[in-house]
Each structure stands twice: as structure tokens, then as C-alpha cells.
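Consider the two complexes below, in which subunit A is the common component and subunit B and subunit C are the respective partners.
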Partner chain A sequence: MLEYIGKRLLQFIPVFFGVTFALFVIANYMPGADPIQMRYGERAVPPQIRAQLEEQLGLNQPVWVQYGKYLNDLLHGDLGVSNQTGRPVSTILAETYPYTLRLAVFAIIVEIIVGVGAGIISAVKQYSFWDVFVTLSTSIAVALPVFWLGILLQWFFGIWLKEATGGAFYLPISGAESAQFGPFAHMILPGITLAAVSTAYAARIMRSQLLEVNGQDYVRTARAKGLSGRQVLWKHSFKNAMIPVVTFIGLDFGAMLAGAVLTETVFNWPGVGFTIARAILQRDFPIVFGGVTVILFGVMIVNLAVDVSYAFLDPRIRFGGSEE
Partner chain B sequence: MHGRMRKAVAVLVSAGLIAALSLSGCAPKQTEGGGEGGGTEPKPGGSMSFYIGEPAYIDPYNAQETEGVQVTQALFDSLTAFDDFDATKVLPGAAESWESNADGSVWTFKLNPNGKFSDGTPVTAADFVYAWNRIANPNTVNTATGKPDPSVISYHLGFIKGFDEVTAEGSTVTEMSGLKAVDDLTLEVTLSQPFADFPYVAAHPSLGPVPKALVEGGVPTGSGETTIAYGEMPVGNGSFKMAEPWKHNQYIKVVRNDNYAGTKPYLDGVEFKIFKDPETAYTEFEAGNLDFTQIGEGKIKDAEGKYGTSEDGYTVNPGKQVLLGAEASTYYIIFNNATEPFNNADLRKAVTLAINRQAICDTVFEGTREPADNILPPPIAGYAQGAWVDSKYDVEAAKKALADAGYPEGKGLPELTLMFNSGGGHEKIMELVQADLKAIGINTKFESADFPVYLKQLDEGKHQIARLGWVADYPIAYNFLYSLFDSESGDNKSAYKNPAVDTGITEAVKITDDAARVAKFQEINTTIQADNPVAPVMFYKHHHVGSDRLNDFVFNALYLANFDKVWVADAAGAEK
Partner chain C sequence: MTEKHEPHVPHEHSDPTISEIKKEGVSELHAHAVAGPPPREEAGPLGGTSRTLWGDAWYRLRRNKLALAALVWILIVAIAAITADLWVPQNFGDPRTIDTQAAATQRLLPPQPGHPFGTDDLGRDIFGRVIYGARVSLTVGVIATAIAVLIGVALGALSGYYGRWTDSVIMRTTDIFLAFPYILFSILILAVVPPDQRGIWPVIAAIGFLGWPTFARLFRSSVLSVKENDYIDAGRALGASDARLLFRHITPNAIAPVVVYATMSIGGAILSEAALSFLGLGVQPPAISWGRMIDDGRAFLTIAPTVVLFPGLAILSTVLAFTLLGDGVRDALDVKMKD
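Right, the complex of A and B next:
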């Protein structure tokens, strides 16, 4: 097992080089890739300043020299400074990443409890009222545009509810914290929005997996042996059904760690997704590279955790060793 | 039976959900907009919140876009100040008086002896010299990183003698020779050429004084041991000061500066709430959590109904809260005057007469833009209605001009290219322009590109017809006429070269009599418009709204809010 984990960690290195180099090439050969003009907007860039800035930002070097410098700085923990604001990229990421992490964890917890829970109940009580309700509502949820749901929630919980209760009860609709509401209250609406579509998927996958497992021979045997429904569910079916669900939730968590641009925009959540998206539009490459590096780490660790969890869920899966 | 009933109920419940979701198109209930308004006495105290996007810099040396400049304006007093309503006036700021020599090439400013930074240190002429050199010097360091980070707004100081030496490539000169602190309260500015409008330049919010000690040593926070970079918590001489360091992407809080030399503001403080998206800001406004913001897309008529419209378009009072005043910016179409086919003046005339500007303003912008009849927008000193005679909709005259150009009914004219930058919302406007041109026989096709690519194409002269917008730095005609039409200007993207205009401008900037100077610029404007080098399309207008807590709140044509005169009725109370 440890050998397996070690090997996977080593695999990260070529992945890292591949992704960052590809990004570097795209960034430099993208048309209009002129970060200096971006600082000036529509105004003309004075020629002497252009020469100076190109020198300072290292933009007049060939691509592979710039890439080498980037790697060298990275090894020394220096992610560079933003082309637009001159602030260190590490500071910008340190400011924004905790918020993205917080929201992602909240959304994943909602997804696990609500999604997996609904899926289980739906499968166990197949064709009941609850099953139909879950199936229909997940079909709708999967088709919902994220920002539309977000705006709807804002209007309902922030405006309508406030008026209906005369200002007594309502939820905050933007930002990460305020004097009135602690940080947790601010997470509710964006968290639900972010989790909505994924929860629907998780519920569906859980339900279909569980139904499939319940049709297997060993489950029938367990029932025949006299085990109660609940024992069969938790001791046998659930763990085996979980593998695709865990895969999905893991991938989803990785995606959320990359930042949720739409949710962050609608709810004004100060996370990393919007920062990177804006940096791309402004050709602010240091932020893009720094952000992507951090995301790579996050996704790699989550994927590794998911793969390792398989060994616990299904004893037939073992890594690195010979078959028993 | 029982199971089937259950299922039916399940379907009904889900259907109900769908119905509820689709009813989301309903508008929220009307809020009470009216109030007592203007008649009551201003009360000190309370605070307000104001929407901005995340600024790039609030350190005045590089405060470049409206949000950065807005914060800088609250924290700093420049030598002079713009008048919110009258572009022909320049008001005293940190300087109580000023005068120039005969041709406007040397300016002497006398500072207010009571001027102080918010930490109590007196403001001296040397602080202005330090601040301005800091802007001009390409090796100025960013206070957060200590690395060189040249200012992009140094062009404001372009006239000062010594500017070229300081900004030359590889230069080691760090101070402009034209700046002199004659004594603590007297600043003498020598320009490299006469420029009678210099007091307007000096009023720009980014040109305030900065305390050298704090810039280089950091700003103490709280207990005095820790310091923070000046750029995160600038200290200035304005009516407000930073309450805490800049909370990036979330807010900037400023409070009243009790060491302020001028009339202290009524408010205790202002919270600049930073939003990524103006739509979210407007939702917060409707929820009652924000005092001033842009109105959401498509909601202006609705907002006017709910909140009432301001009488002068710039002042918010309870019940008259929606602002629609003209801004000092123009949206215009440019021609490539240097190459075929737009080196033909009649063809340019035909195009500008063919555009139905009112239709664009009404259809695309719900009336929040005004058709442009001049390249100068109304808030600029020297604006005259109809100064650009061909900037109007006249299909018959357009057809005649087209024939005069040698292309009767468009015959012989190849398909032309309409260029614009993608993602800026220009498609809808261009579609209408395309239809207008087709109506007189000119066929066009679109070419759009990402903004940086687009600008490059304009610089390389690859365009035939394109579009741009210009926002005034100061409310003077020079800012438009020189920048857009002088043959030396880097912002002149229409390749227009008229020696008479160049000479005219050189002469006009020497005229120290304000009225005569404005008149001369109007003359130059008349000369330019006869050539129709560009086609002004529309003037921008405010589409903003304030809450009913605000009284006497002014948001002027230069997109700057005045926090000095505003007061809130619930002064005793809730900070929102």
C-alpha cells in the first residue's frame, strides 16, 4: 500500500511538468497575449515604459528561458507577482484559496449527506413516493443552470423572505462574512447552489448502484440466511455500491477545489475560481500558473485518496502486491 | 390503490416544484421609496456603503481605473479640485490659490497652511514633489513587494519639464527638474510647453501628496509594532482615512479624518463593498444592504418606478434616487483615414449620416445613452449642441454624400469590414449599424477579436471601420481633441493628420484666459468635424441608484462620488 502511494506521488512530477509547460506554450502563443497593454486598457502604451516593463517582467526572453525561470522560482517558493496589480501571487492565492476550500468542503458534505442519503432511501424504497420524488427532482436539478439557481435563492431568501417576515428572518446573499452574520450563514446559499447539480448526480448514481448490487447473488444469499434488511444494506450492499459514488464525489471535490467561477460571481464569494478566470481574461499569467499549480496539487491528492479508499471498500482490490 | 395514490401525490409535488421554480420570473414587491427628503437639516454621524469592483491599486501612484481613483479621492486632496457641476470651474483643494506666468508655462501653487495628513503630520510642497516624482519614475517600487512596478498613469505629468529625462529608457534621473518646493507652502511647477489647463490636471485624484516616511517605512497598524505596506493602507490628507487594511475582493473601510484641514464630512465612515458582478450588487441593493450601486441590466424603468428619478441626474435624495445624468465619455466609430476607402471624406460623411443613433440608444440601452452630436460629451467645458453637424440621422443626405464620394447607391464599393472587440457587448450596436449602412447601399461584414488583439490591429492600421470609447481624465476639450485627433497622439487610432489642428492645439494651450481658450478649442472642434474623421455615436449616462437613506449625495459626470456633503437620516443607527 505504501509503495503504491509512493509511486503515485512520484507520478505527479511528470504530470506537473506536462501541464505547466503546455500552459506556458498556450499563454505565450495565444493571440493578443500582451499583458502590458492590459494594464493600460484602451490607452496607448508609452514606448519607453513598454521596453522597461518587458525587461522587468522577463517578457523579452524566449519561451523556454521564461519557463526555466518560472520553474526555478517555483522551487524557491516564489510564484511571481501579478502583472496587473504587482502583488505577490502567493499572497493572492493565500487570500482566496481558504474561501474556496471552505465552500468546497461545505458543498461536499451537503452532497454526501443529502445526495447519498436520498439515493439510499430511494433505492431501498423503490417505486415509493419518495423514489418518484427523488427521481423527478434530480432530473430537474441536473438541468438547472447554476447561476440561475443562485439568483433564485438570493431573491427568495434575501429579498422575499426579508419582506415577508418584516426583516426578522433572512439569509445573507453575498460575501463571505459580515458583522451581522457569521461566516457559516454566508456559506449556506452559495454552498447549496454549488452542491445542487452534483447532489442530484450523486443521488442517481447511488440509487442505481445500490439497485444493481441488491440484485446480486450474495445479497440474496444473505437475506436467505436471515439477515435483516438493515444489516444487509450496511454490511454488504452499501460498501460495494459505493465505489462509483466515491469516484464521482472525489472527482467533484477536485473540480470544486479548482474554484466555482459562476457561484463565486453570483454570490460574490472571494474564492480562487473567479481570480483565475479574471487573470485569464487579463492575460495575467503569473496568477494563472500559480493558481493551476495549486489546483494540480489539490486534485492529485483527492484522486489519490479516492483510489486508496477503494481498498477499504472492496477487499478484492489490493495495490502493488500479488493476488492472494 | 394505496401505492398508486402515493405515486400520484409524488408527481404532483414534483410538478408543484417545477411550477414554483418557473414563477421565479416575478418581480419582488415594491419597497417604500418616498421620504421627507431635502427639507430637513443635515445630521452628522452614520455611514454608507458604496459598490466598487476590486481596484488594481489604491496607492495613488498607480490608481488607474474608476474604482481605484474613487477610493484615492476619498483619502487624498489634490492641489485643486473639480467642481461637481460646472466644468469651467476649478476649485481650491490642498492649494488655496495658484497663478501662472504670462503664457501658462510656469505655475505656482500656495498650499493651505493647515493641511495635514491623517496622522497629524503637516503637508508640505515637498510631499507633492515626492508624490509626483514617484509617479513619473519607471523604477518606482511596489510597496508590497519591493520590486519595480512603474505607474501606468504617468501620462498626467507628461507636460512637466524633466518628465522626458526621467522616463527615458535606461535613465538614471529620478526627479523632474520642473518640480520645485520653493518653501514648505509653495510649489512651483515648470512645464516643458505652455499648458493653460494645468490646474485641471492638478485636480486629478491620483496627484495628491504622499508622506515619504510611510511609503518607505510602512504604515503602523494598531499597536505600533507591526507595519503594513503603504499600498495596502495608504495615508493621505483627504477627508477620510483607512480604518483597516484593504480586504482584497471584499471591502475597503474608511472613516472620517479628524485631522482634515477642510470642512469635515457628516458621515462617520464609508464602506466600499467590492463586488465581482454588478448584478449581485444590485440584488444586495434591493435587499436593503447596499446604499449605492449600478442598476441591473434591463431594470432601469423598474427602478425608476420604485425609487424615483433624480431631478438633475447626479444628486440622490429620498424619493429621487435613480441617477441618469450624462457622463464625460463618448462612444464613437473610427475610420482609417489613411487608407482606401476611408481616406475619402465624402464616404466618411455618408457613413456618419446613415447611423440612426436614437434607435441604438433606445433599443439596446433602454434610453440610458444619448445620441452624440459632438465628440465632446455635455459635461465637458466647451460642449456645444450639434457642433458636429453630420453627427445625426439623415438618410437622404447620407445617400447624396455616398454619391458624391463616387459610389452612387454603393455601386463600386467593396464589402467593408466592421471591427470591434468581442465580449464587450458591442455586437448589438454593430448589428444596427450594419443595417443602417445596408439601407444606403453599403455592405459590411463583422470581424471581432479579443480586446488585446483588437487594439493591436488598430495600432497596425488594419481596420476600415472600428469602434472605441473615450473617457475624460479631466473635463476639458484638450483631453478629447488632442488625444483623439493630434497627429502625435498615441491614442489617435484613426490615423487622422491635420496640420491645422495640430497647430491650433499648440496655440490654444497657451491661452490663459479661460473663456478665450474654451472658444479656441471650440474652433478647433469645428475644423475637425468638417472632416468627419470619426463618427460619434452616443454619450454614456449614469445608470445608478442610491438608497433612501442618502441625502444630498452627488455622483458626478466624471464618475466620482462626493462623500463630503452627503448625510444619512438615520445617523444614530445601524451600520449596514
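Right, the complex of A and C next:
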């Protein structure tokens, strides 16, 4: 198992350098990504100021020196300053990240309860009405544009059902905390929106895993021993079917941090994603790059953690040593 | 180490379609609708003369009602988009231009005769705009996927056929690409494109350029299993060159999973384009994009929800059609998609 974990950690190293190098190249060398011009917006940059800034920012140094400096800044949490406000990007992100995290946690809870639950019902009662319903609705959910779903929910609960819900979801209250409604009222619609697609995938994976496990010999043996359907389900099928689902949900937490850009934009949720979307419109590049970098690191760390935890979850890795 | 030895392929979560393909094997959604492989004695589409893999697949696909319905829907959307110039402006007013009179008098109308989907805040017919929007969506979906397939198949073939360091370099590169969540990477690339140069081509380039790693991995594992076959050894013994083996013998036998995933990817690319245009990074007005229409309509949600509703339905139905068609193609080609 230690060998497996060690291998995973080693594999992370090239990914880390590759990702940071890609970020560095996009920020500095993409056509249109002139770091000096970016500070000036649409205006022309006077030549002597350009030369001065190149000197000051170290842009006349070799690429690898610049990359080294970039990495060094990154590891010290220095992401530059906002073009628009002059505040350090790291401060802005530190203020907004908790919101993104809170929404992702809420969405994951929805995904676990609804996704896993629907998957189990669907598999246990295969070909029943509920199974068909779950299969159909998950197929549709997978093709949903997230931002459109968010807007539709706003319209349905906020506007159409405004009276029935007492205005709890009326714009612009949905997505903003308010003393009048419960502490979670503002999270419900953004949370559902963020969770929707993943929940559909979780349900499908849970269902297919459970069906696959139910076809295994050891489940048949358990039945033959005379265990009840319920005992077989919880003691044998469920535990084995859960391994890929847990992995999926874990990895999905990372994906949710990234997917938050659209959901947060729809609901004006003051997280990192919303901050990035606004910065794009204001052409505030340090915030865009810094925000993407921070989310990216969150995703990479979550992925790594899931990979490593897999070693604990799956006994074949824990005891086998071989990964086959 | 090869992909096969990983107990879990860690990156594919960011692209759930493929992990789902791997997990599910055969789609349960329409398992009942699939007629299964045709009996051998029954005459196939070619009258029983010679039967190819693709002939068989087409025969099976035609018997899958859901996939067929999806295909028909895609064709309807495509034909409507291609022929739009011939009938949309004549009947619904040109949705690409702003008529100041219509903008003043026909603002935000609900659906009605003459405007089946209503009008937007500038008095333009939403039905016409949805039809023109299909042009952008389908173009991005098809071309971006084609780019991703070309790069992915080429690199996947090299990786799977030559192995060793070629394989390592290419696979570690896919690791890096797949570590980036798709939407974030494209946001990053498109954010540096100056607003006056934004449009359909940067979006196609970004989506196509980011899509290749999944195809490379898929084709690589497919090549790996095909190249073990005896007929490859036979070809080599007869003196066939690497290029001939790869293009004439391995690729035709290894391409099926790529075809399946490409079909589904078109839908994925359409979703991505819509999301990027929604964020203002994609197609710019006066060009029409479904994602952009939804963004524009948000401001009028309280008074005219139809402005947001119809472009979204267009995205949903088109993406769903490509997913269902992909499912159907998978069943028809009998691809297990478990590497």
C-alpha cells in the first residue's frame, strides 16, 4: 500500500510542474497576453514605460528564470495585485474561497443523499416505475446546461412560486444571506444547481455498480445461505458497490470547485467562480489567473487525496500490494 | 506503468461521460429497445452478400428507436440551420439585425402566431434566433470534436503502437491536461483573447485543443489490445511497414470506441460553447449563440421567461440527442468501453 501511495505522490510531481508551467505560459506568452499591455488595458503603452516595466517585472530575463520566479511567488502565496482595485489577489481570494467551499460542501451532501439513494432504489427495484424514472431523469440531467437550470430554478421558485414560498427565493435574495429566512434558504437553489449533474452521474454509477455486484457469485452464495434480501443488500452488495461511488463523489468535490464558475455567476454567489467571471468582464487578469490557479490547486489536492484514500478503501490494494 | 494497472483512472471524473461509459457497459436506458444483433440467417441491409462491421452496426442502429429518433432530431436541427437563410428572414424577420421599429413595438412578446417562441428585448424573433444559433452550436460541436479526434487518435496511435518513452511522454502530457478542469482551462485560454477578436474560432480552438487527451487514452488502450492479434503478427511477418500496419490494420479495428465517444463529445462541446458564450467569452454579438441568448434573457426573467426558456431547450434537446445517439452507436458497434 505504501508503494502505491508513494507512486501516486511521485506521479503528482510532473503534473504539478506541467500545470504550473501551462499557467505561466498562458499568462505570459499567449497571443494577446502581454502582461504590460494587460496593466494598461486598451491604452497604448509608452515605450520608455514599457522598458521600465520590463526591467521591473523581470520580463527581459530568460524564460526559465521567469518561471522560477513565478513558482517562487506562487509557493509564497503571491498572486499579484488586481488591476482594478490594486488589492492583493490572494486577499481577495481568501475572502471569497470560503463561499465556494461552503456551496461545494452543500452540493456534495445533496449528491450523496439524492444520488446514492436514487441509485439504490433504482437498482433494487430494477425495471420498476422508479427505475425508469431515475434512468430517464438522469439522462436528461446529464445534458442540462447548468447555468440554464439555475436560471429556471430562480424563475420557478423565485418568481412563479413567489407567494407560495413567501419570497424566500425571490431575486436577488436567493444566493444572499438574509435574517428573514433560515440560514440555509439562500443556499438551496445554488446548491441544487451545482449538484444536479453530478447527482445524476452518482445515481447512474451507484445503480450500475449495484447491479454488477448483485450478479457476483458471493452475492448468490449469500442468498443461498438464506440471508434476506435486505441483509444481502446492506452486508454484501452495498459495501462492494460503494467503492467506485465513493471515489467518484470524492473526485467530484474537486470538479464542483471548478464547476462553481457557472453556478456562482447565475446566483451572484460571492465565491471564487463569481469573482473570476466578473474579472473576465473587467479584464482584470491577475484575478482571473489567480482564481483559476487557486481552484486548480484545490482540485489537484482533492484528486490526490482521493487517489491515496483509494488505497484505504479497496482491500485489494491494502493487502494485495499488486494493483491488478 | 500503463493505464490498465491503475485501479482507478483518476482524471476522468472531470469528464464523467467516459467514466460512466466504462462503468455501465451497456446502456440500460433503452436496453429494452435494442433489438440485439440480427440473426445471422436474416438478410442484412446488403441483401446478405457481404457484411461489414459498419454495415452491421448501421443495421442495428436502425432498429434502435431511441437512437434513431435522436438522429432524426439532429438532422432536423442541422437542416433547419443550413437552410435558415431561405425561410427564416422571410417569415420571422431577420433575427440577425435590429429593426428599430420592431424593437420599439414588438419587445418581449410572449409566444403567438408569427412568433412561435415570442420575441426578445430588441423585438427579434426568438424562433429565428434559435435556428441561427444552431449554426454556431453545431459548427463548434463538430469541428472542435474533429480537431480533438485528429490530435487524440494520432497521439494515441503513437503511444499505443510504439510504447516505451513515446508512450510515457504522451501519457504524462494527458495527465497534465486532464488535471485541468475543462471549463477552467478554456476560460483561461479565452480570457486572454482580446474582446474584439473573440468569436467562434477561438472557442473551437480551445475546445478542440483541450478535448484530445481523452481520445488519446481511449485510442491508445484500443490499439494496445488490437496489436496483440495474430493478424498483426502475420502482417509484420509478410513485411508490412509500421505505417501500413497502423493505418490499414490496427486503426480500422481499433477506432470503434473513438467513434462512440466522438458522437457523445459533440454534445459536450455544444454544452461547453454555450457555457463559454454565457460567460461572455464565446461568440460575440451580432453572431447568435444559444448561451449568449440565455445570458441576454436573464435580465428579463420576471417579465418574459420565454427569452431564456427556448435557447435552453434547444441546447438540452440537441445535447441529449447526441448522447442518445452515442449510446445507440455504442450498442450497435458492441463496444464495451472497458479498457
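Here is the rule we go by: the second predicted complex is superposed on the first by the 211 of 324 C-alpha atoms of A that agree within 3 Å, B and C clash if a C-alpha of one lies under 4 Å from a C-alpha of the other, contacts with A are read in each partner's own complex, and residues count from 1 in each chain.
In the analysis below, contacts are C-beta pairs under 8 Å (C-beta built on N, C-alpha and C of every residue); 3 or more make two chains touch, one makes a residue touch a chain.
Only a predicted model underlies this, so the values are computations on that prediction, with no experimental measurement involved.
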item: Touched partner set for A:Phe129, first subunit B, second subunit C, both or neither; value: first
item: Touching partner for A:Thr265 - first (subunit B), second (subunit C), both, neither; value: both
item: First (subunit B), second (subunit C), both or neither touched by A:Ala22; value: second
item: First (subunit B), second (subunit C), both or neither touched by A:Ile159; value: both
item: First (subunit B), second (subunit C), both or neither touched by A:Val65; value: neither
item: First, second, both or neither for A:Ile109, with subunit B first and subunit C second; value: neither
item: Partner chain(s) touched by A:Leu251 [first = subunit B, second = subunit C, both, neither]; value: second
item: Touched partner set for A:Gln52, first subunit B, second subunit C, both or neither; value: first
item: Which superposed partner A:Ile140 touches (first subunit B, second subunit C, both, neither); value: both
item: Doubly contacted residues of subunit A, that is, touched by subunit B and again by subunit C; value: 31-33, 136, 140, 151-152, 154-155, 159, 265-266, 283
item: Touch list for subunit B against partner subunit A, complex; value: 3, 6-7, 9-11, 13-14, 17-18, 21, 24, 28-29, 31, 56-57, 62, 64-65, 138, 142, 144-145, 147-150, 152, 154-155, 167-169, 248-250, 273-277, 279-281, 283-284, 286-289, 449-456, 459, 468-470, 489-491, 575
item: Subunit A partner contacts - residues on subunit C that touch it in the complex; value: 1, 5-8, 10-11, 13-14, 16-17, 19-20, 23-25, 28-29, 172-173, 175-176, 179-181, 183-184, 187-189, 191-195, 197, 267, 271, 274-275, 278-281, 291, 294, 298, 301-302, 305, 308-309, 311-312, 315-316, 319-320, 323-324
item: Residue numbers on subunit A that touch subunit B, as the complex places them; value: 31-34, 37-46, 48-49, 51-53, 56, 81, 84-88, 91-92, 95-96, 127-133, 136-137, 140, 151-152, 154-156, 158-160, 162-163, 170, 173-176, 179, 264-268, 270, 274-275, 278, 283
item: Complex contacts: residues of subunit A adjacent to subunit C; value: 7, 11, 14-15, 18-19, 22-23, 26-27, 30-33, 135-136, 139-140, 142-148, 151-152, 154-155, 159, 171, 197-198, 201, 204-205, 207-209, 211, 244, 247-248, 251-252, 254-255, 258-259, 261-262, 265-266, 276-277, 280-281, 283, 285, 288-289, 292, 295-296, 299-300, 303, 306-307, 310, 314, 316-317, 323-324
